[in-house]
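One structure is given here, and the rest of the page talks about it.
For clarity, chains are labelled A, B, C, D, E and F in written order, and residue numbers in each chain start from 1.
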Amino acid sequence: MPQIELAGKIYEVDEDGFLQELDKWNEEFAEAYASAEEIEGKLTEEHWRVINYLRDYFQQFGIAPMIRKICKDLKIDMKKLYELFPTGPAKGACKLAGLSKPTGCV
Amino acid sequence: MERSDTPLLDELEKGQWPSFVKDMKEAARKNPMAKDLLKQLELSYKDKIGHWKHGGIVGVKGYGSGVIGRYSDRPDLFPHVQAFHTMRVNHPSGWFYKTETLRKLCDIWDKHGSGLTNMHGSTGDAILLGTTTEHLQPCFNDLSDAGFDLGGSGSALRTPSACVGPARCEWACVDSLDLCYHLTMAYQDQMHRPMFPYKFKIKISACANDCVAAIARSDLSIIGTWKDAIRINADEVRAYAENINIQKEVCDLCPTRCMEWDGNKLKIYDEDCTRCMHCINVMPKALRPGKETGASILVGGKAPIVKGALLSWVVVPFMKLEPPYDELKDLIERIQDWWDEFGKSRERLGELIQRLGMRVFLKAVGLPAVPQMVKAPRTNPYVFFWPEDLKKEEK
Amino acid sequence: MAKTDIGPPDYKTMLPPVIERNYGKWLYHEILKPGVLMHVGESGEALYSVRAGSPRLVSTDHIREICDIAEKYCQGFLRFTSRHNIEFLLDDEDQIEPLVAELKSRGYPVGGTGHSISNIVHTQGWVHCHTPATDASGPVKALMDEIYEHFVESKLPAHVRIALACCLNMCGAVHCSDIAILGIHRTVPKTDNSRVPNVCEIPSTIASCPTGAIRGDMKNKTLTVNDEKCMYCGNCYTVCPAMPIADPENDGISIWVGGKVSNARSKPMFSKLAIPFLPNNPPRWPEVVHAVKNIIEVYASHAKKHERMGEWIERVGWERFFALTGIPFTDQHIDDFDLATETFRTSAQFKWR
Amino acid sequence: MAKTDIGPPDYKTMLPPVIERNYGKWLYHEILKPGVLMHVGESGEALYSVRAGSPRLVSTDHIREICDIAEKYCQGFLRFTSRHNIEFLLDDEDQIEPLVAELKSRGYPVGGTGHSISNIVHTQGWVHCHTPATDASGPVKALMDEIYEHFVESKLPAHVRIALACCLNMCGAVHCSDIAILGIHRTVPKTDNSRVPNVCEIPSTIASCPTGAIRGDMKNKTLTVNDEKCMYCGNCYTVCPAMPIADPENDGISIWVGGKVSNARSKPMFSKLAIPFLPNNPPRWPEVVHAVKNIIEVYASHAKKHERMGEWIERVGWERFFALTGIPFTDQHIDDFDLATETFRTSAQFKWR
Amino acid sequence: MERSDTPLLDELEKGQWPSFVKDMKEAARKNPMAKDLLKQLELSYKDKIGHWKHGGIVGVKGYGSGVIGRYSDRPDLFPHVQAFHTMRVNHPSGWFYKTETLRKLCDIWDKHGSGLTNMHGSTGDAILLGTTTEHLQPCFNDLSDAGFDLGGSGSALRTPSACVGPARCEWACVDSLDLCYHLTMAYQDQMHRPMFPYKFKIKISACANDCVAAIARSDLSIIGTWKDAIRINADEVRAYAENINIQKEVCDLCPTRCMEWDGNKLKIYDEDCTRCMHCINVMPKALRPGKETGASILVGGKAPIVKGALLSWVVVPFMKLEPPYDELKDLIERIQDWWDEFGKSRERLGELIQRLGMRVFLKAVGLPAVPQMVKAPRTNPYVFFWPEDLKKEEK
Amino acid sequence: MPQIELAGKIYEVDEDGFLQELDKWNEEFAEAYASAEEIEGKLTEEHWRVINYLRDYFQQFGIAPMIRKICKDLKIDMKKLYELFPTGPAKGACKLAGLSKPTGCV
């Protein structure tokens, strides 16, 4: 299993960089991974809104939310979402949020 | 003679049909990815099992789709296919190409990928088969510069496709190519940035022969047809009579038996004709579709997973289809909105209609119920009444 | 940065001049001979299309070869068909024979038109996918070699469309083919509950099972398959990597017949189960090739002209189909999914064989 | 004490001598005229059956009258048919005319054979049942009065079998009739949760609902209907008296067409919805009578000889049926129960009207 | 003239068809129950609603079935129908009667009940319509003494019924009457003492015309047929040709188109014939079923509640049926055992098969799968394999 | 609603004699009603086995058991059941046991 070192810590990830031990997730992980997902600079409050939403949703329902739901609940549109996470919500946002790799719909 | 690394695959170089193994070997001669692919495939032939890991989410900037991630489960043996992602390149409508365009594609792919392709994938894309994660963005950049774009993947609109239609076919009742291109351009966002509950496919056949199998494999199937009478060239009918048995090969096979042939004149009772195309197919010089053309719109087609395969269902018997196709786009958007609102994750449109009922769907998208929508009315007596159907009594 | 959302090349820029001139104004066509179509426009002009078979999995060099040919004979214009054949587009009748000759000499089969067997629509198999129960390109090549004559000649009662999908996802229109070849698993996925919590969405996995065979425990983050209710579709694996289903000894191929897509004469139909299982026997899948050939031969010798596989079977009855092909009928042929009862015989009308 | 389990009278003791002699050895039959059958045995002997209509709900005196007639002409032998007509069994040809004359004079219609409309199979309605949405005997009588000619004459393209059931339980083969008349409710049952705990089995009531519209609370012993999912079948009332559903203003009748039972030519078929709702309008249900007559007339003037209602509709198409009868097509005609998708049009083949 | 109590019902005395209202009035003249019934029915006509309470469980000693309990919801207005129970009297097979038998029934019913009946109920019983709880046992005693017994009700075997068959019909392929009687006698216990998950109905038609609608309304439908060739009387065929158009009325309507008529001789390709009966129906003097007769056994037929109506399904294409019908009875018992074991309360046999799958049913009752069981094989790829189907590997 | 007096107490019953207030049931009710259901003499231990079984089952599942289940669980056959309760399990036994009137299968 590949490993990745971020901000001095070692994480087990899969080939796509998705965390393989979800309980190891922490904010530094997200912060440190951001640049790999084409996010320039530090994560903003808006990034965190999305990330926290994703984590809450995942904790509550065991799945990643559908895109429409993210946009509705957070009152942002797709364009904005891709501005925040240029590699898209499924790849970028979920990865940073430490969700299991989506096979569904995000 | 050297002992081959791929004794099993070598067997598939034999025989008269063109061999994919030859192509793989060709590519393998100059490309290490192709070489490892060949060797991994040989292992699969030996083991009778695939050697790819599950899934893979990779992509290019700004897009959520268009790339299928793939990783070998034996990177130890086949390091060059450790990552081996597919890029789906949106084809030109009707799969028409100038060679210069194709050559550009080949050059880009030799530069960035394995040199292997599928011409085409079964949704219709030109499939560039296998490259590394690092090459994805540069490859996309080169593609874009050369005028190409990616097709759909994931829970997005998938690359629409269309039969050859008016470009070559005398039976085209709608301009399948133009419509396909138009929709593809109109819905770039839906294609590249997945936002639906699941995939959504559009296919367009310009007549009921359905040469892109639209009814079987698209959520929205557009099938050309006409409203008026079949055009008959009586002389050509008689000419056919010299070579074929019109009664047996045409009239007797007409599903509605609405034709009469007296050995000299062919009479069609057009009000009974269901425009199946058979008679026209058999006598293309003598018979032509009518002039008042348009299309039937059907929805819900899909493969078996999860609730079983579906053929699309007629929801609009007839729609005129001319640029800018506003009526159609309106309908598509109403349909997608409803689906997006009520669909569960990984629930195709057809499955949602199945779950909530056609009547709910029709009401939501504002389509009137017509008998053309059904093979037959319901047999079970479990009939719902809308509140407005009921006489309101004072309680 | 690269431009996004530019869409595909405009097809209008890809059309040969003869098509530009006659676009939407074709009058009729004739099949001059197998693989060679002539379309005549209202203008009187003709377009000739020469159709050549393709393995679909092609190298860039192969594509360049096609380009060479198209440039030599067709001013660089060609297209691919919805069944992945190559069509060379000519306006000069005299170029047909030289083109056909060159294609043949380079090993391209010319045909696939009219009452023939066109290219087999197929999928990735072991070449690129993660869920296959069999390979795709291999069985296709092995089979096309054996039924080659039906591609280059046009001597069947009607079109026979064959398709192959390497798993139940059925990429392609396999489910509506005259003959469908379908990779199937036959054993229950082996759940690895140590990985489930980290790599699977439990509710999605439960929802993925068509027969409701999966129970999930959200607390302990585990999944359990009820073996009795599992019919090995593999959909749970699609959503949950911790449920691998491939099984070299028990995976294999099933054969389905009688589907169609066109509305000509009869309505579109699904393919129906003919043979529940044949073994994966690479590199040439002899059992599969033999079984498909047998079905084609029985069909060819019994169906009437213009009668598709499914139309023939509907006319003579499935009792007769099984009798003539010698394929054993088993309880697996009898549907037991959601709409099963619609397939049961609700009449006293049937044949003895 | 009375003997139990003795079973019904042995039919063998009920057969007239001519039947005893020719039992199982009949050769052919002829319909001598409407209502009069002649069966000829291998022996050359003939049995004559004269069929008379019956309201089915008959008094003992009525039965005694029938007995009188049977004794006068038939040595006391008669039978009832599977559609509740009376058949007088004679071996003396000369008695036919006097028998028919006497029957007519006493008001018994003679007919129901061949291509006619035989007796309407029906049920209890308000006369004896607890779940009816309409009466049975009343609409039947009103309708038979109006289509009387089709019982006593035989001038339709084929048999037309009409049946009526007063609720969705469909006592009788209503669901496979050329024309079915079906009582339906249209409002949700009104649950009386004060009675539920004492008179209803909660799990049985939940299970009784075809659409899963009922939720139960085992703790508090209450039942709740989800109005949106309820289609008023009344099955919950059958198992739970605390859920009455009858509603005088909204109950009524639906009309179904095109079913059949025989295997002759076509396979047995279910009837399909023609008219979702007509009001209960006792005593003569004019809307129902009118609607049924209209369907019969359109059928009679368009179907070919030997073509049953459903066979005719299948041939011309449902589009045409609705156009010819002038019956409006609504979203209620489109199935939305379990097998609904099987009824959706999966082809581009259809008529404009 | 006296003002009528029943103005609405009086309207139904008019018209040519025999009137049930006349019969009710006839009975009402001498029987107070009948009189109150008439009046209550008039009220229903006025109110457009039934006036019976829910349910009712009453019976006779030693039986759990045969009586349908019924109570008026307006005993205040109609005291004589406060209790008004129906007795189901098992009819003689084929509904054959001697008048003396019928008269006995009438006398008993005048003594104990309302004097109103249904001849017959749609399951086939002679329905004695309405008596009080007190009269049930005495009435039963009298019936029994006169040689009658009750039919089924509740979750029991219901009164089997049969077409007129060999008693009068030249097409009978099995002795429907004898079989009906035999099964009725053999299964008295199952009929009178409910012990199944739900009702179970048996109906027997001696040929495919199915004159008791067996396929539509019985859990076990027995339909006569033959294995050999249709018997043709060539002279009689020619005689028919004088009056009817054999090509159009017979050959063209044959579902398998297996007949040829050259204007003189009729040829039937019997191997293609599905024994639908049409040609025989049209030319009964000329054509007869074959000689090797027996029946097809079908199961599962029922009305819509709960899971939708079902037509019975072929499970045994052909069974010879001769006394003592052991093969059939064996099968019936295996079927009922399985249903009894796995069926839920109020689940008909067809619904159970629907729920568990035909393959499970066939295995349980030991019937081999044959193509005659289906219209077509499955279309979905959700195929189960029995463990024994799989190659056993060493693990 | 009809009432019935048994062993000095008054019970609400329906026309068929089924108890309308199930919580009023007691052993005397059963005992007193027995004769109306054609049971001669006092209820025996065997009667009580059936009655108690029915009550337990009803309390647990909210429904009356299917006949086959009664026979299986109590190891008695139908004949015996009708000997004990001549009016049958649905009518006789359930009534005495104070179950709601069966519409299902007993």
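The working rule: contacts are C-beta pairs under 8 Å (C-beta built on N, C-alpha and C of every residue); 3 or more make two chains touch, one makes a residue touch a chain.
What you see is a predicted model, and the numbers here were worked out from it, not measured in a lab.
**Student:** Please give the intersection of the contact partners of chain C with those of chain E.
**Tutor:** Where chain C and chain E share a partner, that partner set is B, D.
**Student:** Could you check if the interface between copies chain B and chain E is built from the same residues on both sides, meaning over half shared, or from different ones?
**Tutor:** Mostly same residues: over half of the interface numbers shared.
**Student:** D-E versus A-C: which has more C-beta pairs touching?
**Tutor:** D-E is joined by more C-beta pairs in contact.
**Student:** Between chain B and chain F, what distance separates the C-alpha centroids? Give it in angstrom.
**Tutor:** Inter-chain centre distance comes to 65 Å.
**Student:** Roughly how far is chain A from chain B, going centre to centre by Cα mean, in whole Å?
**Tutor:** Distance between chain centres: 33 Å.
**Student:** CA centre of chain C versus CA centre of chain D: separation in Å?
**Tutor:** 48
**Student:** By the touch rule stated above, which residues of chain B touch at least two different other chains?
**Tutor:** 53, 55, 61-63, 189, 208, 210, 215, 223, 255, 274-276, 304, 308-309, 311, 345-346, 379-382 - these are the residues of chain B that touch more than one other chain.
**Student:** Where in chain F do residues touch at least two different other chains?
**Tutor:** Chain F, residues with two or more chain partners: 63, 101-104.
**Student:** Which parts of chain C, given as residue numbers and ranges, touch two or more other chains?
**Tutor:** Only 168, 170, 175, 204, 210, 233, 238-239, 241, 249, 263, 267-268, 270, 337-339, 341-342, 346-349 qualify.
**Student:** Show me, using the given definition of touch, all chain pairs that touch one another.
**Tutor:** Applying the touch criterion to every chain pair yields A-B, A-C, B-C, B-D, B-E, C-D, C-E, D-E, D-F, E-F.
**Student:** Provide the residue numbers of chain B that touch chain A in the complex, in ascending order.
**Tutor:** 53, 55-59, 61-64, 69, 71, 82-83, 154-155, 189, 193-198, 340-341, 345-346
**Student:** In the complex, go through chain D and note every residue touching chain F.
**Tutor:** Contacts found on chain D: 197-204, 218, 238-241.
**Student:** So in the complex, the part of chain A that touches chain C is made up of which residues?
**Tutor:** 14, 19-22, 61-64, 100-104
**Student:** Chain B touches which residues of chain C in the complex?
**Tutor:** 1-15, 19, 23-24, 26-30, 39, 47, 49, 53-64, 66-67, 70-71, 76-82, 84, 86, 107-109, 121-123, 125-132, 135, 137-138, 141-142, 144-146, 148, 151, 168-176, 204, 207-210, 233, 235, 237-239, 241, 244, 246-249, 251, 261-268, 270, 280, 282-284, 305-306, 337-339
**Student:** How about chain B: which of its residues touch chain E in the complex?
**Tutor:** 304, 308-309, 379-382
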